[in-house]
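Chain lettering (A, B, C and D) follows the sequence in which the chains are written, and residue indices restart at 1 in each chain.
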Amino acid sequence: MSASIQGGAAAATEGVDVAAARRPGSIRHVALREPTAIAGLAIITFFVLVAILSPILVTGDPKEKVGPIFGPPSASYPLGLDGGGANMVELLIAGTRVSLLVGFCAALVSAFIGGTVGVLAGFYGGKTDVVLMRTTDYFLVIPDIPLMIVAAALFGRSLTNIIIIIGVIYWTTTARLIRAQVLSVRERVYVKRARALGAGNGRLIFKHILPQVAPLLVANTVLLVAYAIFAETFISFLGLGDPSVISWGRLIENAFNDDAILNNAWWAIIPPGLCVTLVVLGATLFGQSLEDALNPRLRVGHLSVRRFKVRPLRGKLDSE
Amino acid sequence: MRGFDYVGKRVLFAALTVFVAITLNFVLFRTLSGDAVSALRCRQCTQAFKEYQREQLGLDKSKWEQYQLYLEDLAHGNLGKSLRSEQPVGHELWPPLKNTVAMVALGTFFSIVFGVLVGVVCAWRRGTWADKGGLWSGLAFYSMPPQWLGLLMVLFVAGWFGLPTAGIKDPTLGILGDASWWEVFVDRLRHMILPALTLGLVLYGEYALVVRSAMLETLGEDYVLTARAKGLSNWRTVRTHGLRNALLPIVTLVALSLGFIIGGSITIEYVFSYPGIGLEVVEAIDQRDYPILQGAFLLLTLAVIGANLLADLLYFKLDPRVSG
Amino acid sequence: MTTPLLALEDLNVWFELPGGGELHAVRGVSFELEAGERFGLVGESGCGKTTAMLSIMGLLPPNATIAGEVRLDGENILARGEETVSPHRWNDIAMVFQGAMNAFNPVQTVGSQIEEPMHLHDVAEGKLARRQAEELLERVGIPKDRANRFPHEFSGGMRQRAAIAMALACEPKILLADEPTTALDVMVQAQILELLVSLAADFNLALILVTHDLPVVAQVCDRAAVMYAGEVAESASIDALFHRPKHPYTRLLFAATPDLRAGGERVASIPGAPPRLDKPIVGCPFQPRCDSAFAPCATETPLLKKVGEQHVAACHLNDHVREPATA
Amino acid sequence: MSTNGSKPLLEVEDLVASYPVGRGLVGAAKREPKLEVHAVDGVSFALNRGEMLALVGESGCGKTSTAQSVLRLIETSGGSIRFDGQEITGLSSKDLRPLRRRIQIVYQDPYESLDPRFRVGATIEEPLQVHRIGSKEERREEVKRALEVAGLTPPELYIDRYPHELSGGQRQRVAIAASLVLHPELLVADEPVSMLDVSVRAGILSILDELRDNGLAVLMITHDLSTAAHYADRIAVMYLGRIVEEGPTREVIENPQHPYTRALLSVVPKRDPRDRGTPQILRGETPNSIHIPAGCRFNPRCPMAIAECKTVDPELRRPAASRDPEHLAACIRV
């Protein structure tokens, strides 16, 4: 029903002299137009810049004691000092680098595993699909955070371990999402037509299926960055993070262990958590608006609090 | 019989998953950690004491025998003994499990109520400031690390409402005379509010998002136009047709996010030193108390598998189209 | 002349486009309908026929704007939009949709969805409502025990029958049917059309059949209006439309429609495409595709003109006819 | 146009294609008989170069499955398909590749049959790339020529467009151009115009008409008898996986013999309101091809069924009242 109204509208605007509209569903097309996407992208780029520039911004050892414990914010130390008397600003900048590093790397690991499993299961179907999907279901059901904590506790606390552990655990949602998309694309008529032409599986996957699935994979990977940064804060909060490294999660842990609350040192507590929230929020907004744009199902609803308007007919004759 | 096929498959799948979880649990703890005892952080342990411990935990037998022994113990509900307190793990973990379940239930209740409310309003007033505001606040809370939110709660909220910020029981209670069950209950509740609220706030964003998109999709369906054509008012259409279809995805989402909920509750219990299974896990990590860690992990996994089975069965009951 | 059961008077509908600008989907539709009469609203995709039909019940999305009148028994039910039209929904005017598959809520039984309007408009309650719903199902050829089954358990034809039963729940005066048989096989289509005609007779129901399928209208309707680019090109009795067309589009549309009787001669297609409705249209909208366009067609907009008994057409070929246009 | 002495391009004999229906866990446990959908249940026909055969019937009658079997897009479980004298049912996918060049397909839904990310030029060039034919320039020429044959002139206006910028009719022309670029000998058209507006349909069908006149064999699948009546040389009416009547178009339309064909023709709405014959409406739903009735498969809905019809499964043979030797019907009463 509503499709026919859109259909009606779309057909009416079709006609031969159609402006060369940009291809719908391409990421550039969405990223530069959706306000939420722009906001999300802006936040992420800001933090990525800080991460890249951190070796220049922070020269010495950020953990070095430069003043009294929990020194309040002052001109020279705008965000005051932490439980060890170190400058919060430098700690935060150093933390950005690690958190983003973990976030992006773990997200790439998950996206790679999840993407491959999703494409293989979705495209080949049959036994491969059943086997791969059963394993995904097992991973999906097993609680991810406790598994991560246990794995971190067992395998040691180096940064690479943390990245691999987070990456290996979060691929399940990506796998299911990509598999569903590949399944739907594989059934599309234009893939069947290409197959009828004699195109082999390789060509079908790389020429027809992956280009259609890629934008969704990108959108999902961005969401994975958010999950990964989150997971890192859990692990380091429980003291399982890499001791030699400063990350936002570590800073929150320090604030908690050094009883920042009793000293009412809000400047040691709020900033690290705020950074995590902003980056995760930015990634979620950007990823979510991409996914919304790529998923055409959300049509104009029939119900809305707003009503259709009634306009008095301008004079009977000048109807056009 | 329509349902038998579907239920059968789901129960079979759940059973298989439990078996895999048990095996994974065994592999994780007994084999990969090499020799649990050697990792024991007791400096003054003599070689003899370590030997005794290995004996105790049956680590000297072959992996396969250990696995069979492990399965037998499990069958009798014996999860081994805590290295720290020498008490049986099952006995150690039971009270904290009850606390966690109560707190998580209250937290999930908060998140579902907030989530559905915000989700429906955002879908209903799509595109208006209410929609944007609701979504952004939901996403903001969803993006906050639970432990950090907990700290903020303690810093700002606790003071306002005079809510306790640690433990499960008011130490002064029961000293003056044994407190009635009602006083104990209220005290328990007051101790649970902050952790549960923290958990609720962190989760409601995701639920709001899912309810919103499910609502939007439902509002685009033709049967909503039919309902309007029948003369139903907007609100009645949402109530009878929109809500039910929109809540379907919530059922699976709650089950699927249980893993995340339990994860979140671990850090929240740590911040509020709320004596739940989360706190047990944290302490077990510090003291390298593997049996406790293994037991806790197993219980959590079984809880999630159980929740997923429940969600599948509930979904099957709610949606007649599912025929398995 | 008694007041007609339903009269559309210069109905216009605009849709605000997301990128700004307006789509003028319905550019002036007028026709009348008597009780028990079967009227066809025919045209190709994008001609505005569905939008016009939905406007009669005020079922347009929020980005729509309506002008003109829809008079039911003389009362303009669109006067104040939702407020004036909603009391008439299903009571006086009911509807059957094309995609019968999702006209039903998948998680509720078909019976309860037929009863729903009865409760709403106090036609019947509880037991009585259930019995009436079962009677309606039997009347449309569905065994009554299937009332408590779910929509996905019905075949295409059965679901459309159930949708018709639901439309009759409050004994409306007018039944709107939007492409009711397009998605069905020709044999099931015949069953559904036969059912619609017999119900119209039994319930003295006025039927508006909206479709792109000219032969279906020819076989089922008494009168019809051919729509093009959002307005009525020609409206007359079915017989006049086929044998004495007064608008080139009607003639060419019939010529382009394949028919069993037409022997081997080739079917002619109409070159070009309908005009874009998000831009103003100068002169006759069909002029670029018309095979008998002449001087005034490109500049002057033809108005609906009376060219015969209950026969109006909007084409300059009829300019020599003197009577002024009456709806 | 009957067979002009030379061997037919395509010969199909007793083709059978069916696929299992899941019984579910419980069904398997209870040893319920394996259920099968008999999509194609013994179909035989021949098609010559320069001839258009229309397979007509209601949904679920097996016309699309028959077409897909000819293209080896679905596996058949019996019968033979000979293309240009060569048996193709047993061929491995490698041996099938050269064949893919000579048989092409056009699908029903113009909005779904083109990859939204491919420009028109790329869509039409893809078959040439798959079969590694010609150099870049030669391919560009081939694409332009195919666009012209499909009536999208001047080609430069369309070659760099994306599908979403074209109307339904234009997209279907692109699909046809893509199927012609390999110069096939057989074109399978699965409901080529059913999703298009009436005024655009004739344009598409006239292209198929011209191609047929230049020697292309066309197998058209449609549920619309009127379209078949105008364009096809021969019509085969299918019911529940089998051809029940077949013959030259004029003969089948004006002198239908099988009761099912007669009923179908009587319910097809005619353009002329005065031509309102009494339609012979068959009761009941379109049958499903899992439980096929014994004897003649049409007997439960047949107005002239007699006792034998429940036991005898009729063969295609020439009815007494047929005016053309090639006009066959599968009914013991005609």
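Following the convention adopted for this analysis, a residue touches a chain if its C-beta (ideal position, glycine included) is under 8 Å from a C-beta of that chain, and two chains touch if they have at least 3 such contacts.
What you see is a predicted model, and the numbers here were worked out from it, not measured in a lab.
Novice: Could you tell me which chain's Cα centre is nearest to the average position of every protein Cα atom shown?
Specialist: Closest chain centre to the overall C-alpha centroid: A.
Novice: Once every inter-chain C-beta contact is counted, which two chains account for the most?
Specialist: After counting contacts between each pair of chains, the winner is A-B.
Novice: Would you mind checking which chain's C-alpha centre is most distant from the centre of chain C?
Specialist: Looking at centroid distances, B is the chain farthest away.
Novice: Need the CA-centroid distance for the pair chain B / chain D, whole Å please.
Specialist: Taking the average C-alpha coordinate of chain B and of chain D, the gap between them is 56 Å.
Novice: Averaging only over C-alpha atoms, locate the centres of chain A and chain C and give their separation in whole Å.
Specialist: 48
Novice: Counting in whole Å, what is the centre-to-centre distance of chain C and chain D, each centre being its mean C-alpha position?
Specialist: Their C-alpha centroids are separated by 33 Å.
Novice: Where the centres are mean C-alpha positions, what is the separation of chain A from chain B, in Å?
Specialist: Roughly 23 Å separates the two chain centres.
Novice: Using the touch definition from the top, which residues of chain C touch two or more other chains?
Specialist: 45, 59, 97, 99, 273
Novice: Can you pull out the residues of chain B that are in contact with at least two other chains?
Specialist: 222, 225, 228
Novice: Residues of chain A touching 2+ other chains?
Specialist: 1-2, 11, 14-16, 300-302, 304
Novice: In the complex, go through chain C and note every residue touching chain A.
Specialist: Residue positions touching the partner: 10, 12, 14-15, 17, 23, 25, 27-28, 45-46, 48, 50-51, 54, 58-68, 78-82, 97-99, 178, 229-230, 272-278, 280-281, 301.
Novice: Which of the residues in chain A end up touching chain B in this complex?
Specialist: Residues of chain A touching chain B: 1-2, 137-138, 140-151, 153-155, 226, 230, 233-234, 237-240, 249, 252, 255-256, 261, 266, 269-270, 272-273, 276-278, 280-281, 284-285, 288, 292, 297-305.
Novice: Help me check something: in the complex, which residues belonging to chain B touch chain C?
Specialist: Per the touch definition, chain B meets chain C at residues 221-223, 225-233, 240-241, 244-245, 248, 318-321.
Novice: For a test of understanding, state which residues of chain B touch chain A in their complex under the given definition.
Specialist: My answer: residues 13, 17, 20-21, 24, 28-29, 32-33, 123-126, 139-140, 142-145, 147-149, 151-152, 154-155, 209, 213, 216-217, 219-220, 222, 224-225, 228, 234, 237-238, 242, 256, 258-260, 262-264, 266-267, 270-271, 281-282, 285-286, 293, 296-297, 300-301, 304-305, 308.
Novice: Along chain D, where are the residues that touch chain A in the complex?
Specialist: 71, 73, 96-97, 100-101, 104-105, 107-109, 112-117, 126-127, 130-131, 161-162, 164-167, 175, 178
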